[in-house]
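Below are two complexes that have chain A in common, paired first with chain B and then with chain C.
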Partner chain A sequence: MNFWTKMQGVDARIIYILMMVAIAIPLVKPIGLPMRIMPTTLQVFEFIEKLPSGSKVYISFDYGPGQGPELNPMSTAVLNHLFKKGLKVYAMASITEGPMVAQSMLAPFEQQGKVYGKDFVNLGFFAGGEAGLAALCQDIRKVIARDFKGTPLDQLEMMKDINKITDFALGVTVNSGPGGYGTPEVWVRQVPIVYKTPFVLALNAVMTPSSLPFLQAKQITGLLGGLRAAAEYELCLKQPGMGAALMDAQSAAHVVIIAFIILGNIAYFSLRPKRRSGGI
Partner chain B sequence: MDTATIVSTIFTFALFSFIFWKDNPAYNIAEHIFVAVGAGHAVVASYFVLKGSGWDQLAKGNMGVLIPVVLGLLLFARYFKGISWLTRPSVAIVVACGAGLGLRGSIRADFLDQIRASFLPLTNLNNIIFILGVVSVITYFFFTQHYTRITKGRLSVVTDLGQYFMMVAFGASFGQACMGRLSTLIDKVSFLLKTVLRIGV
Partner chain C sequence: MRTGLALVIAVVVGIGMTLDYFVKLPALNNPMAEVRNWMPIVTSFAVIVGAAGLLNVHRRNIQRKRGAWYNSVVLWVVMMWTIVWGISFGTADKTYTFVFDNVLTSSSTTLSAVGALYLGSSAFRAFKATNVNAAVLLASGAVVMLAQVPIGEAIYGGIPAIGDWIMNILNTAGQRGIMIASGIGFMTVCVRIMLGYNRSYLGSGQ
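For the complex of A and B:
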């Protein structure tokens, strides 16, 4: 059995081990690979940068802890920018795990001095999927009676002038796509399409290509996609963080994948004559 | 090391065990606990939604809520053979509202705005590629015999081009999917190295 025949039937465990080693090396000793900021990321950054201090922004955390590794760095980067600009943050979620994720994302900012009820609020989970979202857009209190901590909305200072979706300067959904009730498509067709309000999709990488037409058709204000967008956003903020730190590892893993694709193809084509003659 | 880190480490190794030993008791236990915790959390979250939107509203005297509450309860009739037909009005309302709401935005989001956004001037390479892609992919989805007979296969170049455009799109989508899965693996390796072993902190 020659090398290429072995390559065709390489054990998946070897690929896993090589992948883990490739990921581990830059995590232990960062390489600091250069990165270009994509126009889509810059678009979101510049829009938020232009919002006047005190503007109200809602973020819907439409993902569970399973998608956290990819979406948490993006949530942190966007929240960092919002708080840095002195904007008011309203967290909510269309899936049941979302409020917990929101709480864990907001906790570090609370430790840094941001005050619950004054700088940010967690409105919790809103039920009903698309119908729930449509109702929430018209009257938030009809869908959400209390915040995540159980306080009635009317007792929250930040909710004083907030009744409907058009009361916000910007909306963001950090979304993992199918599996949640408020998928990116649902958000787009119920919020920016109907109310013409600024809206940003912050998605996991796999959802990004299918959502690009929304940006191309100018239906949304901006689109952030995957860990790379998080790293780019951190660069925009000039505060490299979790996303930027993990991008070296991501690039190293890509090199391993590309190497295996090339080796697999060489093996396939080099063995093709043998296969045709019935030798394999 | 705190309790959360210890639990997280055990579960990480239990799930990684699938790579080396396929289906095994450690993996199964971790998987079942994950599903159970998720289901339990969903039940509690749903209880608070029902309490806030249903019970609390009724207690305040908002009797209008009775209609959706009754319609919701009727959905459980499917578990009782003789009265299972009672679920039909509730299901009909859910389907009708869903279709109506979806249609309200999707005609503009998925059709009108997308068609309008395709009317681009052919002044740069990006726009030319975009238009070629749109036209060839749409052409690819003409399946009728009538069409084939009229063109006598002359448009197969365009449909082939459409196929290549779609392959590029699927490739991009697969690449992005790889990136997403890798992010999860990177997070776990980072957790084991930095939080558990305290290497490269």
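For the complex of A and C:
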């Protein structure tokens, strides 16, 4: 049995350990590779930067805790910018775990002095999928009666002038795609296309390619894709955080996966003559 | 009779909703807006039916001691606690939040992370350049992967530009084709439902 035959039969656990080590080392000892900011990220940053203080922005947390490691840094970076600019933040969610995710994302800002009901509010989950979103766009109170804490919307100071989706200066969905009712396509179909309001998609990396046509067709204001966009956004804010810290680990993971593909293919092609002759 | 009534409702609401999107007429827009407002209520009932169905399946597993029935016990305990506690104290309650952060978040994050390990293993075993198409797919995938991380630029300065070109030109062209084709397909299904040709949603098997 030659080296490549042994390689083909390598225990999966060895591959798992190599992956874990490759990811863990940069987390413990960051390399700090330089990174340029993509125009798509800059586009979102500059749009928010131009919003006047006090503008109302809704952000829908359409992902569960499982996608948190990839999407939480993006949520934090965008929230950081919104609060830094003195914008009013309205959190909501089209999936059931979303309001809890929103709460955990907003908690650090509350600890830093932002006040619930004055600077931000968590409107909770809205049911009904695409039809529910369409109804919410026309009249929020018809779909959401109380906020996450159970307070009727009319008792919230921040909801005084808010009745429909066009009352907001910007909308953002931090979205993990299928699995929720409000997928990126659903948001684009029901909000920016119908009401022509500024809208940003903040997606995990795997969902980004399928949403690029919306950006190119100018149907959305901006697109943030994956952990890299979070890291870039942190750089725009000049506040490197979790996104930037995780980029080195992601670099290592990608390199290891590509190395595995190359090794796997070398093993495959070196053994192909044997396989053809019935030797394996 | 029941099927006929459901069919009439589907046809009337389907045509009404379609016209509502294009025609500005209060006599049409107002009732359709009202129908849209019912959706969150209907969906909420669907969640209750789904939860009841899940509990019922696992109740039978426990009663008959079928397979890994003890997992069904865990599901029953956790689900009942979540429902009772959530309804009694609200989802903003500290204990509820603690369990969400320390049980659901930790376990679902772990499950997602395990996917990365499987990806490493499958990259080694399954991603083979067995023909030209597979080779092109592998090469473009590797370039896009490297373009997404800073190390790609460190390896070769042109990688981000090539990655962007693949994503913005080749990928977007393909995605547009998929979107347009699936959109036309979706419209066809909707028209068939509205005309009563497609009745499979009624459970009649036709």
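One rule holds for everything that comes next: the second predicted complex is superposed on the first by the 280 of 280 C-alpha atoms of A that agree within 3 Å, B and C clash if a C-alpha of one lies under 4 Å from a C-alpha of the other, contacts with A are read in each partner's own complex, and residues count from 1 in each chain.
The criterion applied here is as follows: a residue touches a chain if its C-beta (ideal position, glycine included) is under 8 Å from a C-beta of that chain, and two chains touch if they have at least 3 such contacts.
Just so you know, these numbers come straight off a predicted model, no measurement behind them.
Visitor: Where does A:G226 make contact in the superposed view: on chain B (first), on chain C (second), on both, or on neither?
Guide: A:G226: touches chain B and chain C.
Visitor: After lining up the shared chain so the two structures overlap, which partner does A:Q216 touch, if you call chain B first and chain C second: first, second, both or neither?
Guide: A:Q216 sits against chain B and chain C alike.
Visitor: If you stack the two complexes on chain A, which partner ends up touching A:A134: first (chain B), second (chain C), both, or neither?
Guide: In the superposition, A:A134 touches chain B and chain C alike.
Visitor: Of the two partner chains, chain B (first) and chain C (second), which one does A:P34 touch, if any: first, second, both, or neither?
Guide: Touch partner of A:P34: chain C, not chain B.
Visitor: Name the contact category of A:I266: first (chain B only), second (chain C only), both, or neither.
Guide: neither
Visitor: Would you sort A:S251 into first (chain B), second (chain C), both or neither based on which partner it touches?
Guide: second
Visitor: Applying the document's definition of touch, where does A:Y16 land relative to chain B and chain C: first, second, both, or neither?
Guide: In the superposed model, A:Y16 contacts both chain B and chain C.
Visitor: Identify the overlap between the chain B-contacting and the chain C-contacting residues of chain A.
Guide: Dual-contact residues (chain A): 12, 16, 19-20, 23, 64, 66, 68-69, 96-97, 99-100, 127, 129, 131, 134, 143, 205, 209-210, 213, 216, 226, 228, 250, 253-254, 257.
Visitor: Residue numbers of chain C touching chain A in their complex, please.
Guide: Where chain C meets chain A, its residues are 33, 36-37, 39-44, 47, 90-92, 97, 100-101, 104-105, 108-109, 111-113, 116-117, 119-121, 123-130, 138, 142, 145-146, 148-154, 160, 164, 167-168, 171-172, 175-176, 178-179.
Visitor: Would you tell me which residues of chain A are touching chain C in their complex?
Guide: Interface residues on chain A, with respect to chain C: 10, 12, 15-16, 18-20, 23, 33-36, 38, 64-69, 96-97, 99-100, 103-104, 126-129, 131-132, 134-135, 138-139, 142-143, 148-150, 181, 205, 209-210, 212-213, 216, 226, 228, 247-248, 250-258, 260-261, 263-265, 268.
Visitor: Provide the residue numbers of chain B that touch chain A in the complex, in ascending order.
Guide: 19-20, 38, 41-42, 45-46, 48-49, 52-53, 56-57, 97-98, 101-102, 104-106, 108-110, 113-114, 116-117, 169, 172-173, 176-180, 182-190, 193-194, 199-200
Visitor: Can you tell me which positions in chain A touch chain B when the two form their complex?
Guide: Residues in contact with chain B: 12-13, 16, 19-20, 23-24, 27-29, 64, 66, 68-70, 96-97, 99-100, 125, 127, 129-131, 134, 143-146, 185, 188-190, 193-194, 204-206, 208-210, 213-214, 216-219, 225-228, 246, 249-250, 253-254, 257.
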